[in-house]
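Two complexes are shown next, each including chain A; its partner changes from chain B in the first to chain C in the second.
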Partner chain A sequence: MTTETTIRDRIRKVLAHKLELHIENAAFIEIGRLDEIFGMDSIAVIEFVIGLEQEFGITIPSENLDIEILKDVKKLEAYLRRELNDKVI
Partner chain B sequence: MDIHKFVKYVHMTCNNFFSRHNVLTFFYLFPVRAAATILPTRTVRALGRLLSHIYALPLVAGERRKSLEESLSRAFRDKKTADEIKELSGCCIHNAISSYIDDLILPRIDNRSLMTSGKIEGMENLMTALSGQRGVILVSGHFSGNRVAKRFLRDKGYPILSVRNRYPSHLKANHTEMNYLSMKWHRLLDVVVADHVFTEDNGFGLEILRRLRENGLVSILFDALNSKHIIECPFLGSTRLFSADFLRVARLTHASVLPMLCIGNSSVFTIKFEKEVELDTHEDMATFLSINLRKIVKTMESHVLAYPTHWLFM
Partner chain C sequence: MNYKDKGASTIPDIFRHTVSQYPERTAIIDGGKYVCYRELLSVEQRLVRHLVEDHRVLAGQKIALFLPNSMEFILSFLAVAEIGGVAVPLNIGLKEHELLYYIDKCDITAVITFRSLLSRWGTIPLQEKVIFIFADTWENSSGHIWSSHISDGLIKISPPRPSDAEVVYLGTSGSTGKPRIVSRTHANVIAGAENVGRALEVTDEDRFLSITPFFHANGFSNCMFLPIMYGATVVLMRQFSPRQALSLLKEKNITVIVGSPFIYSTLADIGDEPLNLPSVRLCLSTGASMPQDLRKSFFEKFGVKLAQLYGSSEAGTISIELEDQTIEGSVGTPLARVQLKIIDDKNLELPPSQIGEIIVRSPAMMQGYVGEPELCMEIFCHGYFRTGDLGMIDGRGTLYLSGRKKKFINASGIKVDPVEIETVLLSFQKIKEARVVGVYNRRGMEILKAVLVAQKDCTLQEVVGYCRNRLADFKVPRIIEFRDRLPQNILGKVPGNELTEAQSLE
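Now for the complex of A and B:
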């Protein structure tokens, strides 16, 4: 079963593998907004999106390539949970 | 306080708020632009030619012409005579002013007259790249016909997403330019380059990704410093800094990279698509960027040497 915690762990894994950003779970919850760790490097956002797609085995459609979803940990978790549920169905 | 130091301080302070470049930009953005909205486009072009003759006078653009002649001499080494270099420097100024005049009249030029003014070379290269369904990154330098070419291609059914800087990247930009004139300038360009993203915006990478995934075209002017990764490459007898982040995007998205050249102005212009660049694959990102960027810089160098007066950064 995919829980929010495991989704969060997998997001952390993408950040660690793709962007070499190693963030402890506690710190990750505190950060909340991913754009704070991306800084101004928007190409890193592309790397992050492609990493998420590979990790979760999904394709994020154009209309959902939205910085508002990607920069907010909670919104991103909710989005990925929905995508994974749809995939199972 | 020492009087010389005081004079220097006053001069620097004044220059920080009010320079000759600011005056020329102001003149262009207000009276010339206002005239361009009411006068027929032919008259505006004629006015532009007149202004370019005035601006090209050594008395008015002495410093600019001197720096152009130095760059041209360095680029061509001993292959051009002093007279030829002088003539080329004058042409550089004429072409630059034509390009600025185009920015004022492009929104008013109708589609039909634009279609008869432009031609495309190497369209098959663009078609081949598009057939890969991975999106295409069009890489070019700041050449005279860039904006008219984008409008032309958009009208032909090939819209291009332009990646732009919101603020001037040149180091000479003073307070007035950064905080006032550049905003006015961008409002003008927003109309001309209808389809764009700013590198300063947080989500610009996603816009690029979206366009490439829709098998669209994204234009990168890699001679402007708008990138996190900047690499120094041999260029025109010297070295120059080039932006390399578009290669990171190409590596991530597998998009095709196509060098593009656009020369001329809205009266007559040519767009040339080169063959897709075969990117060397390297595990190490720094090596990947360096090797492939040098390859693309070489193509651009050949463009500049073939059309030196059309490169606006000469």
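Now for the complex of A and C:
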């Protein structure tokens, strides 16, 4: 069962492995918006999306995706949860 | 190309020559829109009339193009060149303070942009300085410029501009905290595109995938003007996305890609299956040195070899690695009409196989930096441009890069001046000391890291927020590390290598 905690932890892992953003687990729980902790330029967004796709085994249509989803941790968690559930179904 | 026989020496001449040679050839593919060269000229003429009659754009004026890679960008450039103005392509990621710098430095009188990008200009009261011309409403009382019922009778621009008149200003990083602006004439732009076109044997049957932004010197010349000069097709990408790029490569029969190691590494990264790209004949990589692993993984996936292109905003394209056999560290042989020397610290030429600074001279070379004539002594040496790169030439004339003298960080293909970032960081009152360095990520590409000595209550969020309000996002350091003090060597200087090592977690 995929829980919110593990999704968040896996996002943190993607940030560390793909974007070199090493954030303590405790500190990451407090973070609401990713664009508050680094400059989410277009290159970072592409790397982040590729990292999420590889980590979660999903396809993210980044051309049509609302960029707010990638910036807001809660929205991103909800989006990933939905995608993972759809995948299971 | 036989444009010289026809007396073509300016960008409008070249454009007309292309139209006369290939009127029905598709010039631009922008999403679902296809425009042939004959139509492109027709619309460009209506735009010239619109800019001159409705917006009073005059010869000699500096016109900013604040647009993504788009049909509107290409039309604006061609129209401004025809009027005799100077186009100033600007990175649409720049923030208001950065934009204001360009407005003042380049003496910009008008900005061509989309309404959706207007918010990027923030609260700066620009109305007194510049006029905004909205490309999404290029229309007057007679209708939109795309409507054929508007007269496309050409306005006589008098007097015609000479080939040595400035036609474009391109931004590049400096080393003193402020960007520098490169000035190119009609002749420079034409010579640069022709040099590359000949080396690559470009024809009207080629289709270029224009991934590299047109505000970048390489994108401007090799992704935009070069295909137009040869009657080839420009397939536009307004914003890079690897999956969309792969679709275009397959669906639009792309033959040439001009990208960066970052672009190629993301293409190699998505999807697991090898992919056949039968139409692609050239994949040029520029902006940063290419990791060897990437060459291998890209070839394994697509069966196409990546070729390194070496150049600079100031000198244009210098060399292209076109040999079948890849030699590690090589950036190929210099293009025709590019003269190249390696010099030592006393400006004396070095023999083959000795490492020194690379200096170049070519007809594509810039005239100088806008508003900084005093820099000529520093940047030119006996009429050659000092690239600031270190390298050597072997006995066969192959050029190798080994490092750089100039202090800048190559953030995924865009040069960033660390002093500019440090100046912004130090203007934040909670930061006492700041150093910005480049560190290599897992893709083998440079990213920005800031090491700060700050007040105890200074947070990461505050620093990022402060930077984001003042710097384009690509200049905001990816890694921000707080330390109690910066390390110093015996001379009191901060050694860069001690800053690149992580002190943080993991």
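Basically, the second predicted complex is superposed on the first by the 85 of 89 C-alpha atoms of A that agree within 3 Å, B and C clash if a C-alpha of one lies under 4 Å from a C-alpha of the other, contacts with A are read in each partner's own complex, and residues count from 1 in each chain.
As a working rule, a residue touches a chain if its C-beta (ideal position, glycine included) is under 8 Å from a C-beta of that chain, and two chains touch if they have at least 3 such contacts.
Source: prediction; values computed, not measured.
When the shared chain is aligned, chain B and chain C each come close enough to touch A:S42.
Using the contact criterion defined above for the overlaid structures, shared-chain residue A:I67 touches chain B, although it does not reach chain C.
The partner of chain A that touches more of its residues, comparing chain B with chain C, is C. When the shared chain is aligned, chain B and chain C each come close enough to touch A:I50. Of the two partner chains placed by the overlay, only chain C lies in contact with A:H17; chain B stays clear of it. Residues 35, 40-44, 46-47, 50, 62 of chain A contact both chain B in one complex and chain C in the other.
Listed in rising order, the residues of chain A touching chain C in the complex are 16-24, 35-44, 46-47, 50, 53-54, 59, 61-63. Of all residues in chain B, those touching chain A in their complex are 199-206, 208-210, 213-214, 228, 245, 248-249, 252-253.
The touching residues of chain C, when paired with chain A in their complex, are 93, 239-244, 262, 266, 269-270, 411-412, 439, 441-442, 447, 460-461, 464-465, 467-468, 471-480, 502, 504-506. By the touch criterion given at the top, residues 35, 40-47, 49-50, 62, 65-67, 70-71 of chain A touch chain B in their complex.
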